[in-house]
Structures are given as C-alpha cells and as structure tokens.
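Dropping the structures in below, format is structure tokens.
Note that subunit A is present in both complexes that follow, paired respectively with subunit B and with subunit C.
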Partner chain A sequence: MKYEAITTSTLVEPPLDIDARKRLKQQLRQAERWNRSKAFLLVVPLLLFVGITFVMPIIEMLHRSVYDPLVADSLPRTVAALKQWDRQQLPEEAIYAVLAEELVSLQEQHELSKVAGRLNSEYSGMRSLLSKSARRLSRKDTITRLIDTGSVRTAMIDIDQRWSDIAPWAAIKNLSSRYTLSYYLAALDMRYDENGEISAQPEQRQIYKTLLLKTFAISALITALCLILGYPLAHLLATLPESRSNLLMIMVLLPFWTSLLVRTTSWIVLLQTEGVINDVLIHLGLISERLRMIHNMFGTVIAMTHILLPFMVLPLYSVMKNISPSYMRAARSLGAKPGYAFIHIYLPQTLPGIGAGAILTFILSIGFYITPALVGGRSGQMISNFIAYHMQTSLNWGLAAALGGILLAMVLLLYSVYNRLVGINNLKVG
Partner chain B sequence: MSLPSYATPLERVGFHSYRLYCFGVLFFLIMPVLIIIPLSFNAEPYFSFTEGMLNLDSSAFSLRWYADMVNNPQWVNALKNSIIIASASTLLATTLGTMAALGLSRRDMPLRNAVMALLISPMIVPVIIAAAGMYFFYTSLGLAQTYTGVILAHAVLGIPFVVITVTATLTGFDHSLTRASANLGAGPVYTFFKVTMPLIRPGVISGGLFAFGTSFDEVVVVLFVSGAEQRTVPRQMWSGIREQISPTILAVATLLIVMSVLLLITLELLRRRNARMRGLRE
Partner chain C sequence: MSTLDNSYVRFQNVRKTYDGEILVVKDFNLDIAQGEFVTMLGPSGSGKTTCLMMLAGFESATQGEIYIDGTPVNNLAPHKRDIGMVFQNYALFPHLTIAENLSFPLKVRKLSKSDIEQKVKRALDMIELPQVAGRRPGQLSGGQQQRVALARALVFEPKLVLMDEPLGALDKQLREQMQYEIKHLHERLGITVLYVTHDQTEALTMSDRIAVFNQGVVQQLASPTELYEQPANSFVAQFIGENNKLSGKVEKIGNDRCVVSVEGCNVQALPVNVYQSGEATTLSIRPERIQINPENDFDNRFDARVLELIYHGDHMRTRVELMNHDQFIVKVPNGSRPLEIRKGDLVQVGWLSRDCRALDASSGQA
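For the complex of A and B:
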C-alpha cells in the first residue's frame, strides 16, 4: 500500500496536462476492462458447458412442443389444397383426389400409420378411417379409374360415411402448419375444433387439468406437512446448546444425504401390506385387517414428506439461529402470554425462513418423479410421471414436451420468486 | 432453551409435549433410514422382522443377501459403471465449477446475478425435463447410450453444488494474497496452485463430494440417456424395485447408507477445517 502511495504521488507531480490525464484515464479504463474480461474468461468455459449440455436440450424440448411437421410433410399437396378451403362445406372433388393419391402413396411406402396416429389424437377414429380408405383405394387401378371419371369423392364416401362430414378434413387442416400450439392445447385439455377455434376437449378426454391441479394439491399438502413437522424441530435445533443440537442435526442430515432410492425402498418396506408398520399395528391389535398404505396417494405423500423435510428444516434453522432469545424474553416480561408472544414476536421474524423453505419444498415436489413412480400406484401420479409416460410408452413426444414446458414455466416462476425473496447467492447446500 | 423455574403447570405440559413432538419428528426422519440395516441381514426372503430376528436368534440372521450382491454380475457391473461415471463427471464438474467460481467471486464480474442464476438452474429445473430434453438433443449428437453422454449429463447436474460451495468459500477470501503473490513474480497459474487452492481446498473438495453424491444417486437421466451397457447402481435398484423386489436391494441400500455416513463425516470435518482456516470460531 505504501509503495502505491509513493508511486502515485511521484506520478501526479508536476500537474499533468490535459493529454496526459486523458491517457491515464484511458489506461485505467483499459485495465478495468481487461480485469472484467479476465473474470468473464474464467466463467466462459462453464457457461459454454452448461449451454451445450443443459440449456440446448431444454430448448430442443421446447422446440418440439410447438414443432409438428408430420402432417405437412406427409400430405404436402392436400395441405396446400386445403389452404383455400373455408371449412363450411365439403371440399371439392379435386381435393379428395389429391388426398386419395397421397394416401395411396403413403400406404405403399408404409408411412401411413405415423401420420394416421397423429391425426387420430386430433380426431378420434381417424386412424381407422385413413387406413381403411388407403387400403381400399390402393387396389389395382382403382385410383386412376376414379380420377379419370371424377368420382373420387363418391367412392370415398362409399368406403366410409365419415368422408361426408367435414370433421376429418378439419382435423387435417388444423394440423397442417409446421408450428402449432396444439400440443399445449392438448396439455390443457383443449383443442382446435372443426372451425379452427380453440375449444374444450370432450369431457371423457379431459385428464390434464385435473392432473395439474392434483400435482399442485399434492405439492401444497407436502409443503404444509413439512412446515408443520419441520418448524418445531428447527426451533428445537436452533435453541438447544450446540453440543446437543449437533447430534440432533446429524439425524436431519443423514436422511438428507442418503440415496433417494434407498429412502424410497425403505418406505416400500415399511408401508407394504406385509411390511413392518402393518406387522406392528396388527401385533398391537390396533387393526385387524392389513392396511393398504403404498402404491397410492398416501404412500406418495408420506415418502415425499420424509424426503423433502430436510429442505424445510435447514432454511428455517438458519433463520431461527439468528433470532436472539431476548425478544421472546422481553415480550414475556412485558406480560405477553406464550401464544401471543409467539404469534406477534417470534413468528414474524421467521417468515423469511418459512418463505424460503416453503418455496424450495414446493419447487422440488412439483417436479418430483422417482418416488411417485415407485410408490404412487395409480392415484399418486404427478405431472412428471405423465411426461415420462408420453416419452417412453405412448411416444407422444410433442405432448410430453408441452407438459414439460408447462412444468418448466411454473418452476421458473417460483424460482424467480425465490430469487427475489432469498437471493440465489444465499442458497446453501448441506 | 430450557424451562424457567417460574413456569406454570400448563407451560410445563406445553413444553414437554413440544419436546415429545420434536422427537417424534426426528424418529420419523431417521427410522426409515435405520430400519433397512437390520432387515438386510434377514435369513429369510422377507421384508419384515421374523420371529427369530425379534428373539435375536443368531440363525435368523445371515449375510446371504450380501453374498448374493457380490456374486451377481449385474450388481458388480452396475457398481463399476457408477464409479466410472461419478468419478469422471465429478472431475469435470469440479474443474469447470471451480474456475467459474473464481471468476464469479471477483468484484468486477459483469452480469454476476444472471450468470449465477443460469449456473444454478440445473439444481432447480426438474430432472425429468432435463432428462427428456437430453434424450432428444444427445440422440441428435450421437451421445445417447454412451458413457460420454451420461458423464456430461451428470457433470452438469453436479455443477451447481460446486459453484455454490466454492463461491461460499471464496467470500471473505483475501484477494491481496494473490496480488502479493503476483507482486513477488508468480504467474497466475502458479499463484492459483500455491496460494488460492490450498485456501479454498475444503470448499472444492466438499463441492466435489456433492457432485459425486449427485451422480451416484441419479437415476432419471440414466433412464433416458443411457443404454443397457451404462447401467448404474441406482438404475439397477430402480428395476429391482419395479420388477422383482429382492432383499438384495436391502444389502445394497445398507452399503449406500454406510457410504452416506462416511460422506457426511468427511463433509463435517471439511467444514470445520474451512472455518478454522478462515479464522471463524466454531
């Protein structure tokens, strides 16, 4: 420091002219810029890494949730011809002919089932309608003869009565653009109707709104349970003398550090019909018939509460640790009853901890996959499980991506609230 | 907190029931973890205590599920895979994460909060979303069903932990030490290894342990990105639970619990060492 002072003072004397001052300022700015870029250069490799291995995959998923080129690529001429169609009356003979030709060529290339399946999700019955029509139309010479005589429309209506309806045509038109909101609409139990307007799905096909609400309800329930169980415990840990609270802290941290699958396994062991808890209850004579506590919502809620409880206890603990006990003592000595002192003095000071813990628990539980998948059965399934189902089983990737997009939006919203409230710089682990 | 001597009887009841409640919650937390351990020594293929076990009859206990685990090539292979994948991804996450934390802890870092939010996001975004996206993107890059793919994915999931722990260690880091080192003629790399690293080592190691633990416990990404060849221990447990649950899983689970106890102890020692080195009181 002293050296700096000396060099600066020797530099300053004699007073600098304007040019020299400008030069100095410029040099300083350059040095600062260089420092900034040095700091940034250290972060760049990681930014690139996270960008490629994490952000790009998510962008790709979001892209898939709106990008649906199947119909436009498979039936290009029909799609072009339907552009002018007004959805009011049946398309003209020429459009029927174009579709018939394209169906036949798809059938020959064995490509029909994919596009028929996609159209089926828009208008049920489309799969059978298309394959039946394609099969009949691709009989030898049928199509050329029909086109020559200009009777494709009549023939197709003969094959299936549904071709006299505008619904299948509307389905094709609805899915004809490459970029579509139809997956998001489907994820919210809505669809484009025959007029191309957004309307609700028929009652029996509505499942996702209930699913979203259920996911919210389960997460809220788990968050509430964690708060009820965690608040007194955090208080005990924060107020006990260090030597004893350390031991109890280990009992909170050990489950936190234990593998998720191990904890889920132990809940299966405990809760199953032939499991430990049922054995104990029977032995004590509290129940006569074994309870069904797993592979349903009850199992999911219990196991997830256990898994997420440390995420509630730890932020509460770090807030409570910094609350001086003298506030409560002062309140009591001024005549407040314990309950009154707690509600008006202690509770308000712990609100930041409640907020942080509750948001963290809620964020983690709405995206939870493993535990509901293993112990949830049918009733304990959450939104993540449906994403996995559409990814792996039904192979409706667009719908999986749209559900993922909705879940992501909810999580990011909560994350920004958390950031505002707590600041990610205060995020701690362990 | 203890009860003052002037407490009313009602307050005494309240205080004791509060204590009892807290111990109930602690029991709820710890019991499911501990119950696995004795059950893994069961001589019978049951998931409950047999009469013999309750009477502490030595013939009711056995190591057969441990033997089963060691002799099963699937489990051995899964363990090998888990170790390879977790080590490689930890190395990657720790190197990149420590570098970034060094940059982030400088005062002149531009866009600090935005960058931090981005780097921590793998911890916040539900794994199922990341896994689904990785399935699409890694397939298009030819990384699906390869070790590289799983390692990259696990590294990015471990990065937030490294960034958080190392940045935390670096707050309060005395930057005049590095300036002094530079003043004495040391280059930046030499300074890093001889001055900075010894001081932040506890943070780096605990970040690395977090990253290792994350990878060692991760199953969702493995389900989507890996192939049959890259089966890890959690993946093997997953199919064990879903398909035919055998008590061998309890033996594996017990080993994993022992591992987390060791991890917890190491982290606590590191935390104390870090506090000591920075002159904080315990």
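For the complex of A and C:
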C-alpha cells in the first residue's frame, strides 16, 4: 500500500484496444519495411557468395551421394533385361547374350574399366571377371556366332566359373537404378545382398561404423580435454587486470597466426620416436624405451587439442568476462564455501560458454583432416581422412559424398539436441 | 580486551594498500556498538568500499586488526563471518529465481525444507513482494531488485549487515522511500548496520553516526547533528551541507572568540582549529545562518551587493558579493513577511560569531 502513491502517479494511459494495436503494428511494419529492404540489399553479395560456394556444393554433394547412373548408362540393355529377373536362378541365355554384347562394345570404346570398378565395390572380383570376359569374348570367337548358336551362356561359364553363380548378376541388378541408397548403406557397413535386401557387410569389410564411432570418441575426448584445459585459462583471462590479460590473450591467439601445417609438423618434431620429448625423458631416466607418441591416436589427440583450444577458450572467455565478481562475493558472504559457490553460482552462469565452446570444438574436430592425416598414422585416422581417400584415390565420390552426408546429419542432429537442451539463443561465441 | 566490551565491530589501526605504493586506507579506527547504524561517507575513491571489503573478508588488511564481537577476523574466511551484505549492483544470481536467491543462504546452512520455505515467504512478505517468488532478477525493476537484495542479506538473520551504496541506482523518489524502509528494518530487527554512501543527505537522515572519509582518512566521526553543526575541519564543513568559506588570517585569539581579517575586514569567529594569531584559517558559515538586514545582536555585519536571486519555493537562494568574494550564498527563508530585494541592491548581511567557525586553512581544496 505504501507504493500506491508511486504506481498511480506513473501509470496514466489505459491499455490500447485491439483495433488501435493492429493499426499501430501496421504502421510499425511500414516504417520498418524500408529499413529491412536496405538491410537485405547490404547482405545480397554475401548471400550470393554463400549460396554459390557453400549451399550449392552441399546440395551437389548430397545429390551425388544418392545418384549413381553409371551402370544404368553403360549397360542399358542388360539393366532392362534384368528387370524381370527374379534372382532365383541363373538368367536366360538371351540376357547373357545382351550382357556379352554390351561388354564387348564397352571394351572397344575403352569404357569398361569405370563400370567394372563400380561393380567391383559391390561384389569384389567383379573387375577382373568383367575385363577377362570382355577380352575373351571379343577375341576368341566373334560374338555373333555365339549368339546365333545360342551358346553365350556356356561360353561365358567356360571363361569363368563365376558366371554360373547368381552373385555377379545380383550385383548388376542392385546397381541398376539411377537413384540408390547403396552409398549410404556402404557408409554404414551395409549392402544389398543377392536377394536385393539390406544386410550387413561381411565382417572383414566392415570399417565405417567403427570409424564413425572412433571419430566421435576422439572428438569427444578432444572436446573434453579442451574444456579441462580451457576453463581455468579462460577464467584466469577474465579475472586478470586488463594489461596482463591482454598479453595472455595474445598467447592464446598465437596459434591462429601460424600455419596449421607448421604447428602440426612441429608436433612431429616434438613427439617422434627420435624427438625432443623422448630425448628428454630418456635423458632423465624416466623411461628406458622410446615411446611411440606420434603416427597414432595419441598424436592426433594431442595435436588437435592444441589446435582447437582457442575455439574453446574464446567463447568461455567472452561469457566469463561478463560475470561480475560480485556474484561470487555475494555467494561467499551468504555463507557458501568456495567450492559450493563455484558449482552453484559460477558454473551455471558459464554454461552458455561451455555449450558454445564444446559444440564448436566438437564440430570442428569431427571434420578435421590435415592433422590426423599428418600425425594420425593408421590408428589416428578419422572419417574425413577416408572421405579424402575416396575423393582422391579410390575415386568413389558417391561413397565420399555419403560419408559427408552422414557427417552433416550428425552435426545437424547435435545442433538440434543442443537447441532442445540449452536453446541456440543461449549460444555465446563472441 | 576490555575496550571491546561495548563495541561489536572494531577496526584498529587498519591500513590497506593494493599496490604497495599508495595507502588507500590510512590508520583507520572505528568502533561500532551492537545495533548501531554507522555510515561511511566520502567522495569517490576515498576507500569506503575497501573498508567494507576488509570487514567482509574479500580484501585483507595490510596492517592492523579487525574484530567482530571481540574476535579478530583477519584470518577468517568470508563465508564464516556471518555477515549480510548488499552490493551496489545487487548481485542477485541471474540464473536463479527470486525464491531460490533468497533460499541460497538457508540451503547453505542446511536448514530443513519447511523452514526454508517459511523464511523465504516471510522475507518476501517483509519487502512486500510476495508475487515475484518465481521470477528471475532480470524480470524485476531496479527498486524491486534492490528490495530482494536487502531481503537476501537479512533472511539468514545475520547480526551485522553491510551495505555498499545500495540505493545508488535508484531514482530520487524511490531512494527516499527505501532509505525510510531500511531505517525501519534496522530499528525493528535490531541489527548492526555499516552503510556506505556518497550521498550526504542519505547519510544524515539514516545514521546514528557518520564517518566522513577523505583520501583514506576519517576526517570526523560523529552524529549527524554534530557533523552538521560542528564540523571539525574545512573538508567536513564543505562536504556536509552547503557552506560559505572565507580565507583569512587570525588577528587576535581568545578562549571562545577570535578575530580574523578577511580582505581587510575583521570578522568575529569561533576558534576551532586555530591556536595562535598570525595563523591562516578558513571561516565556515552555513548559508541559513546568515541574515540580510540582520537583527541587532548580530556581532558580524558587512556591506554586500546582491548578484543573483534564485527562487526555491521555501527559500530564496541569494548570491551576494562580500569582501571581494562573489560566491557567497545566503538562504533567505520565504516567511510571512518576504524581503523586498532585487538584483544589484546594496544590503547589509550579518551572522553570529558562534555560527562562524575558524577552521584549518590547509584542506580548503574541496
């Protein structure tokens, strides 16, 4: 009641009715329209740039991961003929004949190896089988004679026993449609089997699932290490007087100013078997045998933690900088021990920074390429190294695209989980 | 120590330096009795917050001892001191609701759930904000946050409460309202309060005693009346209330009377900080103790010229030129027979010698 005098004197206007509010909103919209279009014009160049260099490649990649026209284009008649085939027994003579003709003509145009390679990834041995058959069919007899006598099937089985099996035919049929999930299946260690059903890859060909899991585990480990190392550092930076924190900040940012390659290479110098750290440890008598610290997972984790640390420290710093020391003081004066005050007052207020730093570090590390490639050895390879392998060496772009697509899906999933839990608006990066 | 018997908080020869070069607090002594309301008043940077922080345990005294209830606390951690504290920016925990903020000190003390609930409710009722329990600090107005901060500092029933410019961020009307309420709470709960402000009206209206700070030194520690009526030096005279000062030299000095020459005029004054003739001095006269066309028993009367008249409702602020000094202020009360004066008039002004204090000359800088 004591405050009545204040409230009545400050509250004067009655609330607006609905119509008036609508009109007001409209006026506001009109007033803002120009501002908004101006803002839009300002970012048009950027939008174009992002569209051309970022969105389109991603769309192209996603398309590639499901688009596979090679077999359908190279063996169009065989594919058509196999449409009716029920996978139960060997195809009829006519289908053998069609395939034989198409193989021979591909061989003549020097186009066979591409298809053979693609089919080989579905059914190993297919490459040699096809090239051998094509070679023999075009040399030994004219193919027309075989077709006339209706003995293509026997001839092909003569050339190679495997033609008496349905597996090569199933492989062709499995790859016959232009749009296929087979890359994604391959990326998840699965495939279409002879019956055209999805099943797991044979044990010895399973690599990607473990690789994905390993990539996630390494990334999680790196994120955790960055958090453990970065949190106290960010706290120190945020609480030191400006003059000294600036110097420290420069040291945190220093890695950004040197090339990634140089930094990674210097880790090799430090960690290799004949390297500085091993020398020192041996010299001090702490170890008798030189440790293998590089070209394995250990090397990857160490080097990447170092490289990604600033991405954890900066968001944490920017959040901590805005937490007034008086909160901790207030908590202490209210009777909380330092630890209790930290956990209940300080830590919760830094959560947006932890979230931002962790999500940034994690996303960067699951896609990291150079460092694992240089210092990872065999055990330190991550998913992106295999993507690069399929892009550059095996030229299986479809599989590379599917692996990339899975990575992208994971990142988006992570993002949405984070959004659910914390809210993306609470993300504080700078 | 026997002298601690009636003092609840005691600063004894406390000195503080942050950088090892400048003493921010110099030889600070203060005794606060149980239940007393003591204010530290002083200009910005004079060391008030530092003293408060030393008492709360967030800064350590470089030298000297601080006692609470007879025990030295120099090495006692802040959370063990049981001091309620209201910060200048409130420091309400932004990620907790108001109810959670208030229950924080109770949870720390491991009270039972029902006790906590009851106390929080009582605290919210006390500040007349029972409806905000579920809100976050960011959803409250400045004044409401201030009241919650006050409630949080009191909810665990500390015997000693420190407040560092708690009303600094509020507008004038709300500030006066809150001053009144803090004072009321202090009387009702019987707590000891050490209050910091640089608003002299706030200090005068709320405190039992005021310590006036300047540059790390207590200039005067006294009740509001004494501080206003009998400032011990020219800094205090200048800092508390309005004040006219005239610089001069002591001509003659007696027990309760001295003669000071200012620009060739002899002024009768009360010697406070002057001890011998020939000494330089600053005379301090409150504007409301000066009369225009003075009554007969006024032993100081001089010619002056009116320079400016400002209407203040209850009084007329009149600036006159006197003894070559053009910032001399006279407050003319707006009584039932108002004075007829105009700008440029030549008038006589006068005051009683006991209202004119001859203080030190040195610290006339303020």
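Here are a few things to note about the model shown:
Keep in mind that, in the parts below, the second predicted complex is superposed on the first by the 368 of 430 C-alpha atoms of A that agree within 3 Å, B and C clash if a C-alpha of one lies under 4 Å from a C-alpha of the other, contacts with A are read in each partner's own complex, and residues count from 1 in each chain.
In the analysis below, a residue touches a chain if its C-beta (ideal position, glycine included) is under 8 Å from a C-beta of that chain, and two chains touch if they have at least 3 such contacts.
Everything quoted here is computed from the prediction, not taken from an experiment.
After overlaying the two complexes on the shared chain, residue contacts for A:R292 are found with neither subunit B nor subunit C.
In the superposition on chain A, contact of A:I345 is made with subunit C only, not with subunit B. Using the contact criterion defined above for the overlaid structures, shared-chain residue A:L261 touches subunit B, although it does not reach subunit C. When both complexes are overlaid on chain A, the residue A:A331 reaches subunit C alone and has no touch with subunit B. Of the two partner chains, neither subunit B nor subunit C is touched by A:K214.
Looking at the shared chain after the overlay, A:R135 reaches neither subunit B nor subunit C.
By the touch criterion stated above, A:R162 is placed in contact with neither subunit B nor subunit C. By the touch criterion defined above, A:R87 lies against neither subunit B nor subunit C after alignment on the C-alpha atoms of chain A.
Among subunit B and subunit C, the chain that touches a larger number of residues in subunit A is B. In the superposition on chain A, subunit A positions 338 are in contact with subunit B in one complex as well as with subunit C in the other.
Taken together, the subunit A residues at the contact with subunit B in this complex read 32, 35-36, 38-43, 45-47, 49-50, 53-61, 64, 229-230, 232-233, 236, 239-240, 248, 250-255, 257-270, 272, 274-276, 279, 306, 309-310, 325, 338, 363, 366-370, 374, 384, 387-388, 391, 397, 400-401, 404, 407-408, 411-412, 415, 419, 424-425, 427-430.
Against subunit A, the residues of subunit B that register as touching in their complex are 1, 11, 14, 18-19, 21-22, 25-26, 28-30, 32-33, 35-36, 39, 46-49, 92, 96-97, 99-100, 102-104, 106, 108-110, 113, 115-122, 124-130, 132-138, 140, 152-153, 155-156, 159, 161, 163-165, 167-168, 206, 210, 213, 216-217, 219-220, 223-224, 234, 237-238, 241-242, 245, 249-250, 253, 256-257, 260-261, 263-264, 267. Residues of subunit A that touch subunit C in their complex: 2-3, 6, 324, 326-327, 329-338, 340-341, 344-345, 348-349. Considering their complex, residues 56-58, 77-79, 81-85, 87-89, 91-95, 104-105, 108-109, 128, 152-153, 156, 173-174, 177 of subunit C touch subunit A.
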